[in-house]
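The two complexes that follow have chain A in common; it is paired with chain B in the first and with chain C in the second.
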Partner chain A sequence: MKRKVMKGFIILIVALAAFIAVFPIFFTLMNSFMSEQEILDRYTKEITESNAADFVANGLHYVRFGLFPEKFTLGQYHKLLTTGPEYFRMFWNSVLLIVPILLGQCLIAPLAAYAFEEMRFKGKEVIYFTYLIVMLMPTQILLVPNFIVADWLGIRDSYLAIILPAMFHPLGVFLVRQQLKAFPKECGEAARIDGADEWNVYTKIVRPNLNSVVAAFFVLLFADNWNIIDQAVVFIDSTYRMPLSVFLGNVVSQAPGIFFAVSVFYMIPALLVFAFGQDYLAQGIDLSSLKY
Partner chain B sequence: MKRGKSTYLYWIFLLPSLAGVMLFYCIPFLYSFYYALIDNLGSRNFVGFRNFEAALKNDLFLRAAGNTLVFIGIAVPLGMVIALLLSICLQKMERGRMAVTITILLPLIIPSGTIVYFWKVLFENNGLVNELLLKAGVSYEWIIGHEWKMGILVLIFLWKNVSYNVVLFWSGLNWIPKNYYELMEMEGGGAFSKFFRVTLVYLSPTTFVVLLMSIVNSFRVFKEVYILYGGYPSTEIYMLQHYMNNQFLSLSMQKLASAAYIMFLVIGIVLWILYRTQKKLTDSFQ
Partner chain C sequence: MNDILLNFERSMVTKMKKSRKIAIIIGGIYLVLVIIATVYCQRTYYSNLPTAYLSKPARAQIDYEGRKPKSLAGVEGNVYDRTLPRTCLYDDGTGKMKVNMITEEEGPWGKRYKIKQTDVIYWPKDSGSENIVVLWRMDDSLPIAADIDSEYVYEGMEVKLQLR
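== the complex of A and B ==
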């Protein structure tokens, strides 16, 4: 009996959490099939010529919350495709920012983590400690050194000012090294005895075992940088060079009628990456070998 | 041994990362201390610690620091408790665990901006929440008088970031050997003592990391505030991130650097205290 109550309680909590997690996303998706007019009627508080009729008809003061369109239409998407080159441009800006960051991190971080785990020299842990400190500092503090370097290199107001520091952010090294600590050293030793050189030990034995942590990290990194805002606001001056993640805030006020279609369009790559990496992420990130 | 030769290779492995971290983070951060000590970029006179003094007397900075503290104080514990509860529930599930976990992780990957209209529809003056309050009998004057912007931010932040903690807690929970629980059961311990004397104790290293990451991640709420309220929100949710951002835009390096060093120091001290406490806790159990 007690067991059953407990089980019911767990299912209730988990179901509630899942519902809360999905609902805003579902709302955005469903609302993207409303006509522009319906969006304006439902959600804008300003009375304009175009939605005055609805205000009179429905006595509107509060929003009319709705999941299902009165009339299902692809009008928003049609308008996005026909009149929205600026959105595509900004989407492309987001791509230009994220691709080098992802490539750089996935190449650099596992190598460095492996080196940290294998090397024996004085001061190694001091260097690693510095990495941890950088990792634990919020973006706004890190933006100060980033800003200064960008000035030195003359790359302010360019994507490089964002890309270069992001490629070296130490979070990846930390996560991969945690995983490596759980990896049995004997595997590498056995291969060395069989005559494998260090490069082969890394590429043939160690690196393949890191695939799952790199995949999990890749998803986190993508989530973070596809949603890039802080760095873009500081470094990029002109609106048309902003990533779409920043500009979505303006779309709500400037073109509320097609906001939902633009949003769904921007969600798609994130959802695809998630679909590919979900299993790795859902397995969790191994912090078990933490030592203090 | 062959190992001696191979250290060259390890250095090559490490070098790109090390050079990057030094060049883009450490060296310029140390250099920025110079900016914290001068009056402005034009005349560059040394003024000692006057910039720090000015920051600590600046109403806007203090306000921002206060708001940030309040936000962290509410959002971090809440986020950790919810995440721990969820992870434990997920672990106890027998069927459908994977599907639910994946669903719960979804908000993590959805860009903040794409959901902003939903939050507006819920929380704006003419939004759904206010309408429901009105229908529930709350007076109109009361609703207008209470904006709860900080509370709204905490909710939105939790929606997006709780799953990050779930990911971190998850493996920590699975790592606790099952026979510890069996032992506890043999000693006659109930669910209560299982949780407090096994789960929490053996989870404490993970919890510590989650706490550290939560503090760092709590600064991410800037994304939500920026998307919802722009770069200059009202004073009740004006945070350190906004203070910093506005200094960037006005290029006052001396204010930026001094504020960054103050934040660095405070966060450093907090982390150090947490680290010591955690160490003491773990030692006392072993």
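== the complex of A and C ==
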């Protein structure tokens, strides 16, 4: 009996946590089907016909929080399509940023992790430890050194200033190395005895077994870099070269009527990547001997 | 050794699940839709912009009963340097006449052009001649729209350009 109560309690807690996590997505999605006018009535400072009574009575009007629209419409999406090409341009800016970062990480992280785990060279652990310290630092702290280096390299006002540091982020290396620790060393040694060189050992034996963890950090990095703000604000000068994540904040003030549609438009890729990689994510982190 | 490797592989490699296939398909559809939307959005937006017509600069002859403006550089008889088609003039509703200059700035996909309105003093004021002589305006460096096919013209209005 006690066990059942405990189980029920845990289910309740988990359901509550799931609700808290899913609710904003559901709320955004449902609100994206409201008309532009309804959004203005409910959530902006604007005095409209439907909130004027509030304003007359109280000198201000209150936010009328609503989950379901009074009338379902695709008006916000239509306006998004016709209001101007800015949002789409910025969406593609985000894509331009994230694709090289992810490809670079998927290529570099397993190689670096393999080198740290399998190769023998002086100061290996010290370098690895130093590398990990970078991972523990908040992005904001790294912005200043990154800014100085980018300026020194002459790439300050370019995507490279964001892409290069993100491409070499230590998280992927750390996760892959943790998995490599569990990888049977005998396989590589046997291959070497059979005459395989280091590259063949890596490409034919080790790398194919790292797919789960690579997919796992692919999801983590996607979430991290799709929502990039600080780096873009610091490094990119031109408005139209900003990723949409930065511009989302401006949508509230510039075009509040379509904010929810833009948000849904922007979060779909993140949801899809998560749907694609959720098992990998759990498996990869599990295999990396991390508790989650 | 093969057993060890196979066991490890079995634990690591999972078959592509149905949910992943669905995510890939939806992702593909989404990507195609966004590409179409981007092209559609850009084309629709651009085609809906009012057109500002530019005319090639030319020295024009003003026929105005033999009179000339008093202080004007470049006067040779009644052929003047700083002439504009009369259609360039825009009445802002307060009695002031303005010209619509074109400014260039960075847009989402390439350059975008916006209207900058400037007061002008011109001559002749009351002639029916097609061209006027600009005596004074604020900024010489910007091109001036000969005409704009929009009922309302305002500062900062985005336009597309066409040579007349």
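Operating definition for what follows: the second predicted complex is superposed on the first by the 268 of 292 C-alpha atoms of A that agree within 3 Å, B and C clash if a C-alpha of one lies under 4 Å from a C-alpha of the other, contacts with A are read in each partner's own complex, and residues count from 1 in each chain.
We adopt the following convention: a contact is a pair of C-beta atoms (placed from the backbone, for glycine too) under 8 Å apart; a residue touches a chain by one contact, two chains touch by 3 or more.
What you see is a predicted model; the values in this text were computed from it and never measured.
Aligning the two structures on chain A places chain B and chain C next to each other without any clash. In the superposition on chain A, A:136 contacts chain B only, with no contact to chain C. Once the two complexes are laid over each other on the shared chain, residue contacts for A:283 go to chain B and to chain C alike. Between the C-alpha centres of chain B and chain C, as seen from that of chain A in the superposed arrangement, lies an angle of 120 degrees, given as a multiple of 10. By the touch criterion defined above, A:109 lies against chain B but remains apart from chain C after alignment on the C-alpha atoms of chain A.
Of the two partners, chain B and chain C, it is B that touches more residues of chain A.
In the superposed model, A:219 makes contact with chain B only, not with chain C.
By the document's definition of touching, of the two partners only chain C reaches A:88; chain B does not. Following the chain A superposition, chain B and chain C show a smallest Cα-Cα distance of 11 angstrom.
Judged by the document's definition of touching, chain A residues 273, 279, 283, 287 lie at the interface with chain B and also at the interface with chain C. Residues 6, 10-11, 13-14, 17-18, 20-22, 24-25, 27-28, 31, 43, 45, 61-63, 65, 108-109, 111-112, 114-116, 118-119, 121, 127, 130-131, 133-149, 152, 164-165, 167-168, 170, 173, 192, 197-199, 202, 216, 219-220, 222-223, 226-227, 229-230, 233-234, 244-249, 252, 256, 259-260, 263-264, 266-267, 270-271, 273-274, 278-279, 281-288, 290, 292 of chain A are the ones that touch chain B when the two sit in their complex. Partner chain A is touched in their complex by these residues of chain C: 1, 4-5, 8-9, 12-14, 17, 19-20, 22-24, 26-27, 30, 34, 37-38, 40-42, 44-45, 106-109. Touching chain A in their complex are the following residues of chain B: 2, 6-7, 9-11, 13-14, 16-18, 20-21, 23-29, 31-32, 35, 85-86, 89-90, 92-93, 98, 100-121, 124-128, 130-131, 134, 159, 163-164, 167-172, 174-175, 205-206, 208-209, 212, 215-216, 219-220, 222-223, 226-228, 230-231, 240-241, 244-245, 248-249, 256-257, 260, 263-264, 267-268, 271, 275, 278-279, 282. Those residues of chain A lying in contact with chain C across their complex are 81-86, 88-92, 183-184, 186-187, 190, 205, 208-212, 238-240, 268-269, 272-273, 275-276, 279, 283, 287.
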